[in-house]
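Look at the two complexes coming up: subunit A is in both, with subunit B in one and subunit C in the other.
After this line comes the complex of A and B, so read on.
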């Protein structure tokens, strides 16, 4: 079952206002609202006087009719205590009839005590009261209270959205496309009742889009990941800036590589996805400060070919070379352009047998997993040539998710949980346009997981446990990431991120997550020496 | 006589102040003794203050600003509380200066990292604020993290210039 913690996101987003209001002696109006929101209450300070009056009425009403208490227990969903105004109103109607300004939506039929209100919410039309007297319904007042109605509706609608998404995914799996299509329309309608700026509404919107694409455009879905390499790099860069996942990946991998390179004078790093090369300045700097001086560093960056005659790999290489030159590190760069990782052959990397090799894969290995588990699938081929290079270390960072199951519904459920957690964590980011572009980056991933199949579906994430089995089976042995890496990751979080992120250590591997749900996992591996007579230079 | 002194948190010892007073050629002048200091003497005084004082001192006058910007002063401030990170001074300089300098290293990262943080992270207690009484010593890890961040910032700036 999807666990959606809306209060955590609101708490996170209002923590900024909390810290700013603490500096003034008397918090102004808006800050009180912020404080209330931070405590989890969806009520405006302007409403508080009304709430107080109604609480007084409620007190007298409760005193007068003790017998009605038991009925409160059965209608739990009516009462959303965080929305103080509506909660008090709805309780009042139980006992004393509606307060004069209450909207009809909250009238409960006390005769048979049905959840009449629920159907009123979904139909979103006023419901005429059955029993009560002294009720006046002014259009303006009911409109006013529509606003307070909406906030209470949100949480309920959010849960309904999730249910509908699951049902729709089930229909897609079983092939019932007509029902799936009508569900999509219903969900689209429900989206209007939900806040789509943050929380469940936002991520649900992306999943609805992805489902729609799957149903209507077939499963080629090439358009989802069809963004140009240049676009992808920009989105990736903003994802790097907006949240700590990639920084964590880079810093953890660098720490492991640095330790593995200790004592070697010629070192060679193979980066499976160079992008803007943001991982490498820190390694170059750390090598420059090595006691005894830096080694000769070679970097081979793999990336997609760039159109229009631009050589983006070379440009990045030049910049890194310039940085290396500034800090007196002997540096050589080589770019390997390949649209798929499985097209890379080891001879392209030109590894020198005397050098210490580090292979760095940040969220690339999962792209090699096909849906069919054949003998010589791309992952096996690549892992075996990596092993042939005899690297001192292979750093692997992967999404900690199970998005490669054969059953669509299972995959969908996992993805819904995973990406809503990730979107929750992104709420803490305050910088634009980084945040918006990071969301598009994640949105593309969602699109690929949900609406693509076959060779088009490249986001085949598997959890760490599976990678452990796979890599051990391919002749690799796990290296423990030391306590330095853990400490560095924790420090990184304090510098960059809001509260809510957590680093965990798990049998020598580190994972970063949001509120104890790990979202990304880093591990380090070494090739077990082969038993044949290839001389391994250690 | 008006005397403008740096922030009260300064570690400028009384001994130093007395020395300056003695060297003051014109005690009846409205300019205070400290304002009359030449660069070299100012530099010597600044060598003993903490980061906060030095930063504030650079707001006093152009001369003070010029002197307080000196990389050697900020190098002193940065390295004062560092545990031995394994490399020599020269080696450290040859890396930090091209990547932006010690002043930037401090204002960008060391200052932020040394502020008391919310207790959101387990297994690590942040060092106390770097003040005139050096109570916390920074470990290798904190230092290396700040240096790494400096290098990334330098690289990103380089990229932005190149576009």
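After this line comes the complex of A and C, so read on.
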């Protein structure tokens, strides 16, 4: 029988020269086995022996199991595979009854601050040998001259276009607006040699427009999102139909909310951006089918006020109420009209202390990040009152991107990668005209990221790692989305989308991406009960 | 026989997880497999002198490769247009790496393989191209080999990967477990097409045959691996109706093709003494020798499968030294 050497828990700390792709700073919990961390597992060195014993027990239990274990495994729902001890315990429970208490309760430390960049598109078509290698920023001047000589190969033009975009962005950052302007003209010319129906040509065009707007409107920012709320809703709806990102968001959040509401008879969902309420029919139906019967469901939908006297929030509410009635779910709706999330006060939500509350934020929190890092910034205020509601769950879905960096060039570069990946994924979409309007939706986002500043710039996306830190700091702890949610998200993808999309699990959170680049991340949170708390504790 | 504790935990957890994923009817729980697999993204910021990025090299099949390059002192983090900047050096080895997983598990972005590829960059001063080939049972033979071949042609045609000395790409093929098997078959195809491969590095390569060998009987179930699971993976990979004497599985067996007279590259073959399929691996080495091909065998008596995943044992360091020498001896 193979034994392990339990006396030497070897090479415990992360060895400097052989770490994985995480950044070179050591994790704060010094006790974590560095080598297993490099393999993606978090196990404390001091617990290695216990984990080994549990693995042995699991093996024995599986060996004794009369039915085939792949079937039993399908029924088990596993959480956070990085936490080896816990998922082994989940399986042990399936096979052999409850194990001793799971003692590995890690504070989910954010995966460190990597700049993750996707370059899958650069080699989308095979390259011909490059004619313009080794061009550096210092050679901008000769670059201008070279650009008048246009070669026939589209691939070369595509790369050149990217290079010019970067140069132009750098000029904007350093204030050299005259060179930036001439580059805009040159790029516009180059666009005629590039296929603008798909690939780099398409996304480049949008970035050129955004840069132009930024340059010509000065640093005050323009009203890019001049569209009415009504227009925005239409575009959003088409984005929802054309690609799986929003469906994934809704689906994953609903799964987590459903699990959180288990055992509660009065539940209240607060939706930070109701739109057409696309997320909720599925939840209503799932609650209707709940073993033991559905709870009383209250939905509070937040959205912008309707300008023309219509009460669009109420209209959506009525439609949802009709659906709920048809499946025998007791339902109540309340609309809260607010142009900005920070204008919402908790008393407007009329939360009842006896109900289980779910706060649902699909791509809304980043709008609160504003440029000033003051103490009572909108994000802090809002997170604070959410915490005060003591929700059973807060579902957060955000773009997995770093579009809120102070430096313009950095932001621009990130956005170029991110949106070209997203456009690439959209090409796989079959449905017209949804696709065209979905592109306009994305185009508006690009415009906001690139050409707006100050309070006008609301698309301040930050990556999951940053949200983890922020939310932990605000008194929330992560709830893990499990293998069930993962499996269903993956199945959803196969049903609705083209090949190339992938769902990934990362320490309890799920992300959806195109090939290996995550573009949208979903996580779930709960308020940590305050210790010195004079309000009611959970 | 003693194995370091963290290695034991790692390989055991793989073993148990994999048991859950294989179904008796030959299907595979792919969703759960992807959920459990620990993956890492590519990283343009150099970590310990290596940066990585992903490239889609065949849109039709969605074939991705992850490329690992050594960072230079001048460029702290490469720019988007500098990813495919020409390699600098008279001779720059390019290692095309095929990850293991018995044809069914893992990916190029699995944490364990990302780590291994990064090590290879440092050890060999090479560019490493890790191929995310299609896996069984959804994609049987010859998909993995076809993907390997596509990646090989792609690498061979990159001008930015050419060594200055002769304006050619200096290619090595490497892989562990099923990846080692793929490396062999891609090398055979390469030389048939007249393209040079400088060397093959096979770590615990996955071979087999219909016959039950002595090592299989002796070591069945003793060190993480069972004959039953080996059989399952071959059934999942080989065309339906074929047995383990198929050329893919048993290249020097009754259906094998002779390599005599073919310019097959030199090989470094690492065999773990506690691996139940070692008789097949040793037969492979013997097959190469009989055909007059240069081959170095590293038989690590006390090693189990996966010993090269964590740098906490002597076998690991011995093998890495040998690989370094194998690759550098062409400079």
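Here, the second predicted complex is superposed on the first by the 375 of 538 C-alpha atoms of A that agree within 3 Å, B and C clash if a C-alpha of one lies under 4 Å from a C-alpha of the other, contacts with A are read in each partner's own complex, and residues count from 1 in each chain.
Criterion: a contact is a pair of C-beta atoms (placed from the backbone, for glycine too) under 8 Å apart; a residue touches a chain by one contact, two chains touch by 3 or more.
Bear in mind that the values here come from a model prediction, so they are computed numbers and not experimental data.
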Once chain A of both complexes is superposed, is A:300 in touch with subunit B (first), subunit C (second), both, or neither? neither
Which of the two partners, first being subunit B and second being subunit C, lies in contact with A:327: first, second, both, or neither? first
Now for A:499: first (subunit B), second (subunit C), both, or neither, which partner does it touch? both
Once the structures are superposed on A, label A:36 by its partner contacts, choosing first (subunit B), second (subunit C), both or neither. second
Hey, is it subunit B or subunit C that touches more of subunit A? C
Report for A:48: first if it touches subunit B alone, second if subunit C alone, otherwise both or neither. second
Which partner chains sit in contact with A:515 here, subunit B, subunit C, both or neither? Use first/second/both/neither. second
Just checking: does A:289 make contact with subunit B only, subunit C only, both, or neither of them? Give me first, second, both or neither. first
Would you check which partner chain A:486 touches, where first means subunit B only, second means subunit C only, and both and neither mean what they say? both
Kindly list the residues of subunit A that each of subunit B and subunit C touches, one partner per complex. 486-487, 490-491, 499-500, 503
Enumerate the contact residues on subunit B facing subunit A in the complex. 85-87, 91-92, 94-95, 98-99, 109, 112-113, 117-118, 120-124, 126, 141-142, 144-145, 147-152, 154-156, 158-159, 162
Which of the residues in subunit A end up touching subunit B in this complex? 251, 254, 276-278, 281-282, 284-286, 288-291, 293, 315, 319-320, 322-323, 326-328, 484, 486-488, 490-495, 499-501, 503
Name, in rising order, each residue of subunit A that touches subunit C in their complex. 1-6, 8-11, 15-24, 33, 35-36, 38-41, 43, 48-49, 51-52, 55-56, 58-59, 62, 68-71, 73-74, 78, 81-82, 84, 87-88, 91, 114-124, 126-127, 129-130, 133-135, 159, 162-163, 166, 413, 416-417, 483, 486-487, 490-491, 499-500, 502-505, 515-518
Interface with subunit A, subunit C side, in the complex: residues 1-10, 12-13, 16, 19-24, 29-32, 34-36, 38-45, 47-48, 52-57, 59, 62, 64, 66, 77, 79-81, 83-86, 109, 111-112, 114-115, 118-119, 122, 154, 157-160, 222-224, 304, 309-312
